[in-house]
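One structure below.
As written, the chains take the letters A, B, C and D, and residue 1 is the first residue of each chain.
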Amino acid sequence: MKTDTLQNDLTQKNFISEDLGENIFPNPLQLPDNFFAEKPERILYQNTTCCHGKMPDQTFSFGSPGPYKHLYFDPSKVNVGIVTCGGLCPGLNDVIRSISYSCINSYKTKNVYGFRHGFAGLTRSHESPPMILTSEIVSNIHEQGGTILGSSRGAQSIEEMVDTLVSYDISILFVIGGDGSQHASTKIAAEIKKRNLKISIIGIPKTIDNDIAFVYKTFGFDTAVEHARKAINAAHVEAIGSFNGIGLVKLMGRDAGFIAAHASLASGNVNICLIPEEPFDLEQILKRIQSRLVKRDHLVIVVAEGVGQDILVDEESKRFDESGNPKLKDIGLFLKQKICTYLEKRHIPHTLKYIDPSYMIRSTKANAIDSSFCLQLGMHAVHAGMAGKTNTLIGFWNQHFCLVPIQLSLSDKKRVDINDAMWRAVLEITQG
Amino acid sequence: MKTDTLQNDLTQKNFISEDLGENIFPNPLQLPDNFFAEKPERILYQNTTCCHGKMPDQTFSFGSPGPYKHLYFDPSKVNVGIVTCGGLCPGLNDVIRSISYSCINSYKTKNVYGFRHGFAGLTRSHESPPMILTSEIVSNIHEQGGTILGSSRGAQSIEEMVDTLVSYDISILFVIGGDGSQHASTKIAAEIKKRNLKISIIGIPKTIDNDIAFVYKTFGFDTAVEHARKAINAAHVEAIGSFNGIGLVKLMGRDAGFIAAHASLASGNVNICLIPEEPFDLEQILKRIQSRLVKRDHLVIVVAEGVGQDILVDEESKRFDESGNPKLKDIGLFLKQKICTYLEKRHIPHTLKYIDPSYMIRSTKANAIDSSFCLQLGMHAVHAGMAGKTNTLIGFWNQHFCLVPIQLSLSDKKRVDINDAMWRAVLEITQG
Amino acid sequence: MKTDTLQNDLTQKNFISEDLGENIFPNPLQLPDNFFAEKPERILYQNTTCCHGKMPDQTFSFGSPGPYKHLYFDPSKVNVGIVTCGGLCPGLNDVIRSISYSCINSYKTKNVYGFRHGFAGLTRSHESPPMILTSEIVSNIHEQGGTILGSSRGAQSIEEMVDTLVSYDISILFVIGGDGSQHASTKIAAEIKKRNLKISIIGIPKTIDNDIAFVYKTFGFDTAVEHARKAINAAHVEAIGSFNGIGLVKLMGRDAGFIAAHASLASGNVNICLIPEEPFDLEQILKRIQSRLVKRDHLVIVVAEGVGQDILVDEESKRFDESGNPKLKDIGLFLKQKICTYLEKRHIPHTLKYIDPSYMIRSTKANAIDSSFCLQLGMHAVHAGMAGKTNTLIGFWNQHFCLVPIQLSLSDKKRVDINDAMWRAVLEITQG
Amino acid sequence: MKTDTLQNDLTQKNFISEDLGENIFPNPLQLPDNFFAEKPERILYQNTTCCHGKMPDQTFSFGSPGPYKHLYFDPSKVNVGIVTCGGLCPGLNDVIRSISYSCINSYKTKNVYGFRHGFAGLTRSHESPPMILTSEIVSNIHEQGGTILGSSRGAQSIEEMVDTLVSYDISILFVIGGDGSQHASTKIAAEIKKRNLKISIIGIPKTIDNDIAFVYKTFGFDTAVEHARKAINAAHVEAIGSFNGIGLVKLMGRDAGFIAAHASLASGNVNICLIPEEPFDLEQILKRIQSRLVKRDHLVIVVAEGVGQDILVDEESKRFDESGNPKLKDIGLFLKQKICTYLEKRHIPHTLKYIDPSYMIRSTKANAIDSSFCLQLGMHAVHAGMAGKTNTLIGFWNQHFCLVPIQLSLSDKKRVDINDAMWRAVLEITQG
């Protein structure tokens, strides 16, 4: 990985200004002195000895988050903005609540604006003005899934978004979103720099698929695995409830199969687990299904939504080009049809139940460990923003929260390593 | 309701033999004497004064279940069979466990056979022989949803089924199933009578939709409402998570909308609830959706699966006759398409999320009240069978378990009364 | 039961005025006409044929709740008050929400006052003024257990409470509470009558123990059984986790053992279930424990909190009179000590785990069926109050919501019938 | 930390024999070759740059677990034993199941013996013989909490335990237990070495408190935090349900407050969180309680069971020495008494509800992430044992499973660092 130079380069740029100069304000947090680490240690990226006995690289590391003794912003004069982008994920409300509480109660900022419906709220704030988040409003929101701010997908004008930040006198914008949204974050930060504004952009990585590079764990993932397991267990109950019963579950995972893999491990009832990282061989899968039915008369298949997208496109162009029905890109329905056709041709009676639990999973409230994680994430984000960091994600690596330059994170992808122990465990338990 | 004569007629026939004669065995249950009600009171059907001031009918009533002091069968020589038919329903394993425990531990019967995969297991017992259910096997099965016996749909030869009962020397067959299966139960009982066999057929009404006549509540219904509420709440979270977000949930309910109605009441977040009992007016629904979005910018729709089946057939024959795609009979997908088309035509931006949680609901384990109910159901079934009752359902009416002649139950249908207080409550809360 | 005359007598008094006279206002509910039952049928109390063949009594019946076409109050000029009294119970917030929604959205009343901390809030409203409940405030409260109004126990001055009602210009007071609180309700109603005021008192029966007479089911009970089962299952897991492991669970049930009984049935893992209705024989229980340990090496005991209170008092006065330690009245700790002493004397190694889950049970949110029930309860309460009913409980009997005169309800007690089928089922499954 | 030399020293000793010599058997796992890492990379202990800019130590690292291409044991001739020791912890059955499945299905070993009731089962195997664990027996055990093997505390004769291993011809013993049990593991391993036996001892760290050194996370911890949050939320609901309501929750945590801290973060409703690592100042706590009641009229206190044990001993010797009541060592009851006395003296009305949910937490089944973790733990344990590792724990550090010499792990303690970010987050949210 040639990210070292990139990182070193980026680190320099992750402050609004290299010369804090006059901009030094005392931190109002009432905490013992030891909690303010002015020169914090850094979190090492590497965590194993190199394969060839080489010493690991010590220069690739992440900044340690605050709180900081000296702030770039005067908290009492600060307005902050929060925006939630992309699909729902358990814990969004926890993060909104944590940022709001930290700003209101700990830093005593002026206003916390919750922009509505993702980046759209930053361009249409006249139609759909931001909520002013108070302690009362956010106090119980973590008890419910989703985001009280609403979300949306899709690009917006960077210029207009920065105009809105200016018009609301925002000093720090917290962008809770995935790869696409953080890509927009870097563009917003660039526009801010171009205009020479004093606005910090802090990213909170949000991906239920857990596929953001240099971030070991994203919030909501554990919760998603919990509910994915329930769907798998439902499929298992359905499968054993019929002769040659087949339970087929499609789980989230556009590019990364972490949810499918962990939920399969957690359930212990999965016989075939398909993830985007592993090449998709339809014929071989159909044969495994047949042989399993002969042997044990029921089976459970888990498939991540991103599996076989290339094949689906092919199939579609060959066989369904007149319809252009987007449902045909649904690997779950595709597999359902293929399996049934295959078994019918061989006169194998069967009952297939297809379960697509995605909306029911992503809309749940965060489980306790995710809630604890979100609360800490939100606090770290506020500490970083107040200190004048910008263009930075709050990550979690090697057991520590850390600061990851957004561009560094965007330079790579996190995927299931199909050579590692976790995936091998999946293969081992799905052999039977 | 002209069911009185029918009932009186039927009651006489719900014993294997009217002359117990030599067939009197003492009940081995070690219970105080007061529990053996030789001449039990009967459960009245009527529970309100008549509309016109007429006194309610006292002759329409249900038998009270055992245990009975004198048994028709000698428990120590009895083999019993259990079969689970039709779709999954929370509590099936609880009922299997309760019947098994009561037979094994209380009545000390010889064998409890669990026939596999519904009535199919009574015609294909050579291929797929019944399980012999022991205390060890059933001890924890109530912790899991579904049925350890498997289930199936569809008709089987009545003669072959009775042959199988004879070949396994079954004295009592417990049929856990819905209307269709209980219809088969009566045919089996008729064939048994024709052959002059001493076999009792006891029905345990199983319908997640809660639509069996003369049975106030069927097991699994409360549990289904619990999980249906979760799906509705997911839809609500999704709806508020988008601008003009629409959450659409299809729930179980072929002919009766009890689950949809109660889950809507329980959730408190539903704006439109559609059930089969209420005429389906697509145009009016689309207008309500539009006006709600204008007013509140999000909404939740619940639709029972049986809604609008006539319209669907029409639509299909008019517009999709070439495909014959069975998915078009899916009211959920149909509504989804209609709503989106309607809003697009009017240039109303929106995001619709469709949730079909059926398999995840019906495969859950029973909640506590359902488990308590199932345990009692199973015991009553065994008491009734041991006493030589036959062609009888174990019902629950006016706060008592009771014996309902199967044919009486099949003579009517239970539906949501769209003039009563419960449905009015739904209308009241979905006005907004 | 000699309640007929009482009831007939009471029924007459359950209107604020027998002469509605000028006080007739149209009902603003936008519902089809069929929903307004001006002369509703009544709900029969009796539901079985009499033991001796006698025809059941038709005169003992309960009024059917509204909505009513003609109201006693002009909704637009009405202030209502809500008060929650006594211990927490799942569903309190659901009832508060339902009453508030019905008043605000359906009847468009002026204000809904939520008095704080039970009846205390009606005497100390200057210190702790009532909340004004709005749609926004109550919209999500059913997602959380407890009561947003707070509760309290203990008597208050009836005169002062009526003074407060007058000073807030309350037309209807909804008292959500148990026997004790409803007793106070009747006194408040009497004082109101004495002063010739036009204030309706509507009781919503609240008892997690489900022990209010003429009310088949009280809200929160099903939820309580659900969580009680969890505690029992924890005890079971602990019991099998040790050699001669004993799990001892104390459940709610001061005078009635419904929770203990149903949770035992639901769990299926209970070996001894003790309820207040069954005489308590310590020696026999200790012997059963010993013999079960010898046979199966683990056991689970469930005890309702009200069990053995007479013995405890005796034991206390005999043996612990010097300490006066109130913990000795805890039947759970008492049994724990007795069991351990008994087994130690006999040199039987054992591990006893004592679980008292009461606060964790009663503070949970309502399950779906309870939520549906609470929503309907609240609506019926509002309909009744608006029509000028007073001194009346909203009950549920023979499958219908109904109006039960409070004094009638207080004239009797609901207890587990230790001769009926439910308790026999408990005995049957705990034999082993 | 002077553990480097210790570790290097220990690493050498963590094979049954340094000279595998004749003892090389091929691994029967049907996995692609890449999964067998003959010379695996090692997991670095250090994960931050040193405080003083010093380079981190590269020599302190942990071995990477298997599977291994070459085994020390011939799987087909191997009997393995499993024993679960100490208190219950969510996931025990998952680990038992995983080890059993891996041995039976992947390695095709002879027998898997489950010794009963902890180490006691290794000395009393004649009275209470081990279970022979089959696929059927373990197939659903992860659906239930606790351990099907039973557990116990307390020391047993090392010699007798080794005698039992010999008599059952055990090649690998898996010890699932905490510090105390793993201490016994090292003694068993020493006795084995002394007798020159070929038996591997593999430890699986089990501590619900998550306090084992060099192991970032132990199984069951996340699940415990989940259920601890429920108890806290119950306390919160109780607190707001009364005037000056106080919810007091005692959580697990003898020496380490991780559960209390994370559950407080997850709940977001805690006002005072007490852990053993932070000095306990009763007077200051009582003052905070009073001032919070004045300000907000309710509060929630979480206390880990290990808090203030020194003070308790003092208090006891000073004030309660005549009774010797072991309950006085209960910090929860102690605090309850102190708080009530303090407030009563100051005439501050209040209602305190004390919740001790420990048994209900530790007996639950593992949540999904814990189940996934347990399944991998069990597999790694089997791989390590088959390869002839011994005296080794399966740990998890810096995002990797790893091998930790048991003696190394016993040489240190994991505690909440009261200077780090996690504890600061707790202080920050409990300020209010």
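Just so it is clear, a contact is a pair of C-beta atoms (placed from the backbone, for glycine too) under 8 Å apart; a residue touches a chain by one contact, two chains touch by 3 or more.
What you are looking at is a predicted structure, and each value in this text was computed from that prediction instead of being measured.
Chain B and chain C touch with mostly matching residues; of the residue numbers seen at this interface, over half occur in both copies. The interface with the greater number of C-beta contacts, when C-D is set against B-D, is C-D. Rounded to whole angstrom, the centroid-to-centroid distance between chain B and chain C, based on C-alpha atoms, equals 29 Å. Chain C and chain D have centres, each the mean of its CA atoms, that are 42 Å apart. Chain B and chain D have CA centres that are 45 Å apart.
For chain C, residues that reach two or more other chains under the stated contact definition are 144. Residues of chain C that touch chain B in their complex: 29-31, 34-35, 41-44, 46-51, 55-56, 58, 61, 64-65, 67, 94, 97, 101-102, 105-106, 142, 216, 222, 225-226, 228-229, 262-263, 265-268, 367-369, 371-372, 375-376, 379-380, 398-401, 419, 421-422, 424-425, 427-429, 431-432. Every residue of chain B that touches chain A in the complex is listed here, in rising order: 88, 116-117, 120, 128, 144-148, 150-152, 230-231, 233-235, 237-238, 240-243, 245, 353, 355-357, 359-360, 363-364. Chain contact summary for the complex, chain D toward chain B: residues 140, 143-144.
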